[in-house]
Structures are given as structure tokens and as C-alpha cells.
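There are structures below to look over.
Common to both upcoming complexes is chain A, partnered first by chain B, then by chain C.
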Partner chain A sequence: MRALVRIVSWLYAVAIYGFIFLPVVVLVLFSLQATSFPIPPFTGPSLRWYDAVLADTRLTSALVNSLLVAALSSAAAVTLGFLSAWGFARFALPGSALLRGLITLPLTVSYLIIGMGLLVLFNWAGVPKSLLAAGIGHVVINLPLCFAIIYSQMGDHQINIERAARDLGAPEWKVLLLITVPVMAPAIFAGFFLSMTFSWDEFVISFLLTRFDTTLPVEIWNLLRSGLNPKTNAVGSLVFAVSIVLVVFFELMLLRRKPA
Partner chain B sequence: MNSATNSGRALPWALVTPALGWTLLFFVLPFVAMGFSSLTAHDGGGFTRANYSQFFTNPAYWQALVNSLQVTAIVTVISVLLAYPFAWILAEQVPERWQRLALMLAVLPFWTSYVVRSYSWLLVLAQNGVINRALTGSGLFSEPLQLANTRLATVTGFVHFFVMLLTLTIFANLKQLSPSYRKAAADLGAGPVRTFLHVVLPLTLPGIMVGAFLTFVLCIGDYITPQILGGNNELLMPQLVMMQIGRRGDFPLASALSIILMAVVTIAYLACARWLKIERA
Partner chain C sequence: MTAPLVDISSVSHRFGQHTVLKNVSLTIEPGSYTILLGPSGSGKTTLLSILGGFVTPSQGKVLIRGEDCTAVPPAKRPTTTVFQDYALFPHMSVGSNVGFGLRMQGVDAATRTARAREALALVGLATAFDKKPHQLSGGQRQRVALARALVVEPAVLLLDEPLGALDLKLRRQMQDELKAIQKRVGTAFIHVTHDQEEAMALADHCVVMNDGRIEDEGPPERVYARPATRFSATFMGESTLISGAVTAAKDGTITVATQVGSLLLTGTLPAGTTVALAVRPEHLVLGAAGGAVGFGTAKVTDVVFQGSFKRVLAVSEKDPALHFIARVPAAAAVQPGDIVAVSCDAGDIILLAS
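Up next, the complex of A and B:
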């Protein structure tokens, strides 16, 4: 009985791993295709499509745009999230629960609807489509996340250290910069990192709110109009590689922080 | 002294106002704008209910919501059924020291870009893609199957993503379960099957509900997967919304459809709210 369970478990796990990895393997394999269609038979390996991606200024500038929007919108989201989390955790504010609920509300609404709302508002207000508009949208989706992560990590422990610093005569800004920020660094880092990955991968808000200068997911979407193309495979594989590097880096940071 | 107490009262609001202001300005206000817009006509004029009544009277629009609900229900059920045994194997059958690695591997493709993930399935399912080449090459079928641009393709793309997401949440749930429950069941004479059915499964059910609800919300609002994999053969709600903006620039109708979509999610939330109580340890 036990042996049978083991065998069935193994077969099942292998099947699911196969299902999960099938599209990724096909994507990366055919990015190395030597001919013009990413379909069997495999004719590579060749790096010609990677050269084509790196020579395409639309894609490379979209990549730079994506990194800029991700870094700046995440910095804004984590700053706003941190300040408000600190305010709510340290002071008893009237209507605190309601206001905290308001800040986390966007988490329950799909990106499409957030993007649509901003599109309608900006259209009425005469704000032109731009990377800035998309960045504003990314702060809307990431602020609640940063707030929730940082707020949930603020405990009595950190309040006590702050109190000690204040008793020793530190002014408020010194307490903030020298005590609270370093103590909360793991949560701040986690919020920033998660925001980066969400913004980096976000499509529909950027699609609705940008026009000529756009982000990488939107530019990849534009590439899809040409049908199956090994160039799309190559740029997809590159994005995957960047994400993996980020995730591994994050894992290592987390492991290092764990007390031995 | 007086100014000190004043600043003492001003500081907390100075801390929370930027975040609240941002949320009001770029989340609540757009929502109000969308509400107003949905009550106007595309070609100007005063307030009208036309956009909403159009939805309820035009079968093509109505059908998009039905399609969305069907696809979302199918995806949620299949994803839970596939992910639960997988998470159980990772948590129970894989040796402790390999679990972290096994889990990381299981969700690795999670990190491919979301547009690229759907495109990758297109490569697999296309007319002359990997699966069809394998089927015709092996002589099982003489003609390639129509796999891409179908509901099956949309469901496959969605299930792929949500199996990874649910594996993560269910795995976390199984690991949180104290082993003493299982020991107690065994001491009282229950076999492994009974222990699972009467102890482990009921205790992990709240976690499954949360994961299933998350799947529902993310799935019903997604535009990319049905657009790339399903094509335009049958429309889902997000495709219908985007179509109003893209082709016709009809913001009022797009706003009305968005609000209807959100209302559906809210109703679903209220319906499951009592199972969704996220308990704090």
C-alpha cells in the first residue's frame, strides 16, 4: 500500500512538473531556432534572434522604460506605504480601521478596472497618455501591498526601541531614519521587491495609459501581432532570465537574514 | 509647549495623508469618474441608463458574462483538483530538506512574464506547434487538431498559472497543520485514508477557499490569456471591455461593463465571505 502510494505520487508529481515546465522549455528551446519559425523541427542552436532583440531599439528602450517605471513607482509605493504604516501603528487615529481598509481596498479590484478608471479620469482631466500615467497606476496597485506588508510587521518590540531613542533625546526625524527604517528594513525590502516584480510584469494598465513610449510587456504584445516569431521567444527568455536572477537574489537575501 | 502639542497632533496625519490622498485621488476618484461616465451616452447628451440596459438586452454582451463565469468556474475547479494532490505530495512525500527546492521549482515558470506565458502556450498548441507535430508525427492523427483559439486553450493557459498559485497556498496550509492532529487520529484508530478525509481535508478547506476565491478574482478580470489563447471566437468580459475602448473609443459603455464586472466579483465575495474568514494564529 505504502509503496503504491509512493509510485503513484511520483508519477503524478512528474506529470505536473511536466505540465508546468512544458511551455517554458518550448519557449527557451525555440528561442535558439536558426530558421524563421519557432515550430518543430528544431534547427538551432543559434543566437541570431537574441542579436535581433538587442539590435531592436524599440525593445531595448522599452526595457529601460520598464526598469525605470518599476524602480520609481516601487520607491514611491514603499515610501507612502511605510509612512502610513508607521503613522497607523504608532498613533491612535480616529477611524483608523476604516482608513486602513481604504488604503488596502485596491487589492480587491482587478488591474483592468483600475486602469479603466484612470483612463476615464485622465481623459476628462486632459492628462496625456505617458509613462508617468502608467507609473501612477503602478503606485495605486503596489501601495496597498507595501502598506499591508510593513504594517503587519510593526510590533511592540520596535515601538519600544523607538521610545527608548526618544527618551534619550532623539528628535522625531532621527528616530525615523536611525531606528525605524533600519529595524523595518526586511519588510521595506520585501515590499519594494514585490512591487518591482509586479510593476515589471504589469500589462493592462501600461497598455491603457501609455502611447508611444511604452513598457516591455506592451512592446512584447505588439510583437505578437506578427504571429509566432523566434524573436518573441528570445525576448521572453531574456525577461524570464532577469526574473529568475531577481528571485534567486531575493531567496539568498532571505536565507542570509535568518538567524543561524 | 503649545506648538509641541500641535506638532504632536499634526505628525500622525502628516504620515498617513500622502497614502490616503493618493488612494482618494487615483483610486476612488477614477471610480467615481467611471460611474459618471457609465451614465452618459457615447455621443454626448445628458444622463442615460442606456449603457446598462444595452448590456441586459443585447445577448452578445450578456453571453460574454456567461462565458466568463463558465471559464472561471471550470478553471477554479480543475486548478484546485490538480494542485491539491501535488501540494500534498510536496508536503508529505518529499523529504524535508528537498521541499524548499521542490516548491521553488514548481513555481519557477510563475516568474515568466505574463504576456510571454500565454504566448508560450500558443507555441505548444498552435496548428503546427509541438503537440500537433507530436500527434501527427506519431501517426495517431492524420490531421492537426484545432487547439489554439479555443476555450480549451484559454482554460489550459489559466490552469497552468493557477495550479502554481494554488500549490503555493495549499502547501503552506498543509505545513501549518500541527502533526498532533494526525497523531491523535491515528491513536484513535483511524487509518491514513480516514485521517485524510476526516481530519486533514476539513482543516485545510478554509485555505482552499481563500485560494479558490483568489483564482476566481484574478481569472475573471484577466484580458491577456483569453485574448492570446482564445482568440476572438468567444468573448470574455475583459475582452468585451477592451474592445469598446480599442475599436470604438466608447468610454461610457466600457465603464458600464467594468462596473458590472466588478459588481459580479463583489457578489461572489459576499456569497463566500463567511468561508473566507482569514484566521490569525
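Up next, the complex of A and C:
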């Protein structure tokens, strides 16, 4: 009886992980297909489709665009998130709880709504569809995240550390730069890498806000409209690999925190 | 007479509705070791924060070296603080921690290193220069905090319960070192504590605070021997307190009616004044061969052996509300339940207005 329970629970676990990871495994496997269709039987392994991806300038420039948008929008989101977290943690503001709620609210709003809102707003303000517009959209969705991560890590112990720096003659900007930022570095990097991950494979906002130069997910969508081929699998695998790297960095930053 | 180093005049402070300091005035002399002693909520830490510039008082003025510093921010005033939790910069080495204040003053790296090493040597941590704060013990971190605050040569060093986080043995050891370091550098130290033993051991000038007011201030010997108020008689060491009223006053002698009968004392208070008589435990005499002033008999309720002496608690037989606290030699044969005569010498009675 107990053996049966064990077997069933193992089967259940395998089914769950299979459900989550089988699509990814299939995607990566058929990116190594040697023939022209990503369907069984498997004919690889071969790297010809990766060669095809790297030879496709539209895809490679989209990849560079995606990296740029992810890095710059995340840097902006983490900077703004850090400054607002510091403000809320260190100063008594009227309606502090309400304002904190408002700043994290975009986390609950669908990307489609945010994208449409920005589209209308940029249209009205005369900002053309561009990578910059998409980048601003990514700051909107990632700032609340960075704020929440950094704010949660700002403890009272750091208040006295900042006071000590002020007491020893540091002006406010040096306190921030030399004390608060290094002490908060794990949370700041965690916020940065998580933002990069989200920006990297974000589709809806980029789709709505870019036109000629666009990001990789939008370019992949363009590719998919002409039907499945192992090239889409190859580029999808590359996206997945970069996401994995970013998530690993994020986890490392959170785990690296050692007691002060 | 030179001007005092620090002059706090009529400082009051409110947090919202709550008044934490009520019209406090205090002067600090150069090179002195001042202790602010009081229970939690007495306003001593707020007063220190006002001196450090972290709190701007609602009313009153703070002059340091004759300059009005009331609203000067911490970075710009000649004070540094040793925080209770040390507040070392966890991402910097011990040397960089100590050199931080000099770095903010724009001192070049070589001079900074030399002076930081000197300051660390002063606190006995010359070898810790390259370590990180988390590699040090509590007592060592305390010393780093002290070195970091002293290296910028402040006019006044403020210490916020600096020994509070250390265990008892280490606390007594650091206490001796603090005093020695203060004598060596000659900087005025202002030290907040609720530990009266610490206060007596360290202070040149002891300030007893309660409920936002200064109850008593002076050399610790004086504050202990002749406390100015009922509060300071009980907070700075223990006392037996007997309340009474002056019934007659003549030629420097007063008669005081108390719970244990009429007593003749020297004093000049007018008849009708209510007073309290305080007697230190070591001055109370138990047994027949007593002092000149008798307090009647009492029943011993508790005897606590404390190594070099026994602490005896007894309840007056005339008035059960009156509790005597006495200190007798360790060899004395006193037991709970004994009935003993209680007395003391007239000169050992501290007369307090109440």
C-alpha cells in the first residue's frame, strides 16, 4: 500500500514537471532538427538552424534591440524603484500607505491595458512608435517590481548606518552613493535581473509600441506568421537560454546576502 | 572662567502630543566625562540626539564651543556619535570604516590610512585594519565604532548606551577602557546609560534624568551620598525611604514626625514641610548596638547573600508600609523572621523635600 502511494506520487510529480517542461524540451530538441520541419521523427542533431538565425540580420538586430531595451529600461526601473523605496522608507510622507499602494498598482494591471494606455498617450503627446516608447512601457511594468523588492529589504538597521555616515560629515548624495547603494546592492541587482527577464520576453507592449525596429519576441511572432520551421525553434531556444541566465543571476543575488 | 564647551539652555521637545524633554538646561565642561543616567522614557536619549543633531528641539538652544548649533545638521557639527548598534558600514573594511570621516573631510588616502591605524591602535585593535566588521566580536565592533568616531577629533563624543549590547563581564572591562581612552584623548564624552553602576564608575559629572527633567547633577560621589531628590535617591543606588512632616524647627534643629515616631534632625526647613528621609543600605544598622536615631523594630522578610555582603529586607513593625533595605556583613547571623532593632547615625540621614 505504501509502495503504491510512493509510485503514484512519483508519477504525479513526473506528470507535473512534464506538463511544465515538455514544451520547452520539444522546442529545444527540434531546434536541432536536420530537416526542414520541426516534427517527428527527430533527424538531428544539427546546428544548421542556429546558423540560419545568426545569418538573419532582422533576427540578430532584433536580438540586440531586445538586449538594449532590457538593459536600459531595467536600469531606469531599478534606479527609480530604489529612489522611491528609499524615500518611503526614510521619510514620513502624508498618505504614505496609499502612495505605496499606487506605486505597486501596475503589477495588477494587464500589460495589454498598460500598452494601450501608453499607445493612446504617446499618440496624443506626439511620441512616435519606437524602441524608446517600448522601453518606457517596460519601465512602467518593472518599476513597481523593483520598488517592492528593494523596499522589502530596507530595514531599520540601515537607518543608523546612514545616520553614522551623515554624522561623520557625509552629504546626502554621498550617503546614498557610498552607503545605502552598496548595502542594498543584493536587492538592487535582484531587481535589475528580474526586470531584465521580464523585459526580455515581453511581447504585448513591444508589439503595440514599436514599428520598424522591434524587439525579439515581436520579430519571432512575425516569423511564426509564415508557419513553423526549426528556425523559430532555434531562436526560441536562444531566448529561453538568456532568460535562464538572467534568472540564475537574480537567484544568486538574493542568496548571496550574508548577515551584516 | 572660560565658557562651557556645550551649553544647553531651556531645551524642550515634543514628539506629537508627548513631551519628552521639559525645559532642560545643562553645561558640559571641556575634557569631562558626563553620564546621562535615567530609566527608559526619561528623555536621556532624546537629549543625546539633540546634541548630535539628529533631532531639532521644539524649544531652547544648544551652543557648542559658543556657536549656536540648535538646527545644524549632524554632518556640520563638531560632534560624533557611537551608536548603540555600532552602525558600522558592513561593506567596508574596518580601516575604511575608521577612515570614513576623514575621507568626507577630503583627507588624502595615505594620511587617512595612517590616522585610521593610529585610532585603531588607541582602542587596541591595530591588527583588525583589513578585516570586515562581520568578522569581529561585539566588543571589537564597539571599539571600531569608537575609533571611527574619535578619529575626526570631535569637540564632543556622544555615546548612546555603548555597552548595552555586551555581556556583563565584557561591559565592566570596556567600561574601564572607555575611561582610560577618554583620559588619554581628553575629548569630552557624553554617555547615555540606565546602568547606575556604569554611571558611578565612569562619570566625572553625573546627570540623573527622569520624566524629561534633570533630577540631579554633580559628581557621582555627591549624587550618591547626597541625592537632591527622592527619585535620584532610589535610582542611583538603593535607599530606605521614610516619609514625614516637619512639626517644629528651632536653632538649626527640626523635629520630623514619621511613620516610626518623632525624630530630631539637623536642618532648617520650616514647620509644616512634608519631607522624605533616605538612608543608604550600608548606613542602616540592624541590632541593639545601634546608631543615634532609632526607627523602631522590624521583621526580616528576606536575606540575600551577595558574596561580600548580605542584602536584608525588613518590614517595620509600626507601619507595614515601610520597607527597610540594609546591607550587613556576609558573616552576620540574620535570618528571615528575626525581629531586629533598626537605627542609623543622624549624619547618614538624607533629608529630601517631597
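What we mean here is this: the second predicted complex is superposed on the first by the 245 of 260 C-alpha atoms of A that agree within 3 Å, B and C clash if a C-alpha of one lies under 4 Å from a C-alpha of the other, contacts with A are read in each partner's own complex, and residues count from 1 in each chain.
Simple rule for what comes next: contacts are C-beta pairs under 8 Å (C-beta built on N, C-alpha and C of every residue); 3 or more make two chains touch, one makes a residue touch a chain.
Nothing here was measured: the structure is a model prediction, and the numbers come from that model.
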item	value
Clash or fit (per the criteria above) of chain B with chain C on chain A	fit
Touched partner set for A:Y17, first chain B, second chain C, both or neither	first
Contacts of A:G126 with chain B and chain C, given as first, second, both or neither	neither
Which superposed partner A:P94 touches (first chain B, second chain C, both, neither)	neither
Which of chain B and chain C A:A170 touches, first, second, both or neither	second
Chain B versus chain C as contact partner of A:V183, first or second or both or neither	second
Touched chain A residues, chain B compared with chain C	B
Chain B versus chain C as contact partner of A:E251, first or second or both or neither	first
Included angle at chain A between vectors to chain C and chain B, based on C-alpha centres and rounded to the nearest 10 degrees	100
Shortest span in Å between Cα atoms of chain B and of chain C, once chain A is used as the common reference	7
Chain B-facing residues of chain A, complex	5-6, 9, 12-13, 16-17, 19-24, 26-27, 30, 38-40, 80-81, 83-84, 86-88, 90-91, 93, 99, 102-103, 105-106, 108-114, 116-121, 123-124, 136-137, 139-140, 143-144, 147, 172, 197, 201, 203-204, 208, 216-217, 220-221, 224, 228, 232-233, 235-236, 239-240, 243-244, 246-247, 251
In the complex, chain B residues that touch chain A	11-16, 18-20, 22-24, 26-31, 33-34, 37, 82, 85-86, 89-90, 93, 104-106, 108-109, 111-117, 119-124, 126, 128-130, 133, 160, 163-164, 217-218, 220-224, 228, 238, 241-242, 245, 251, 254-255, 258, 261-262, 265, 269
For the chain A and chain C complex, residues of the former touching the latter	157, 160-161, 163-171, 174, 179, 182-183, 185, 258-260
Touching residues on chain C, where the partner in the complex is chain A	52-54, 73-76, 79-81, 83, 85, 87-91, 100-101, 104-105, 133-134, 148-149, 152
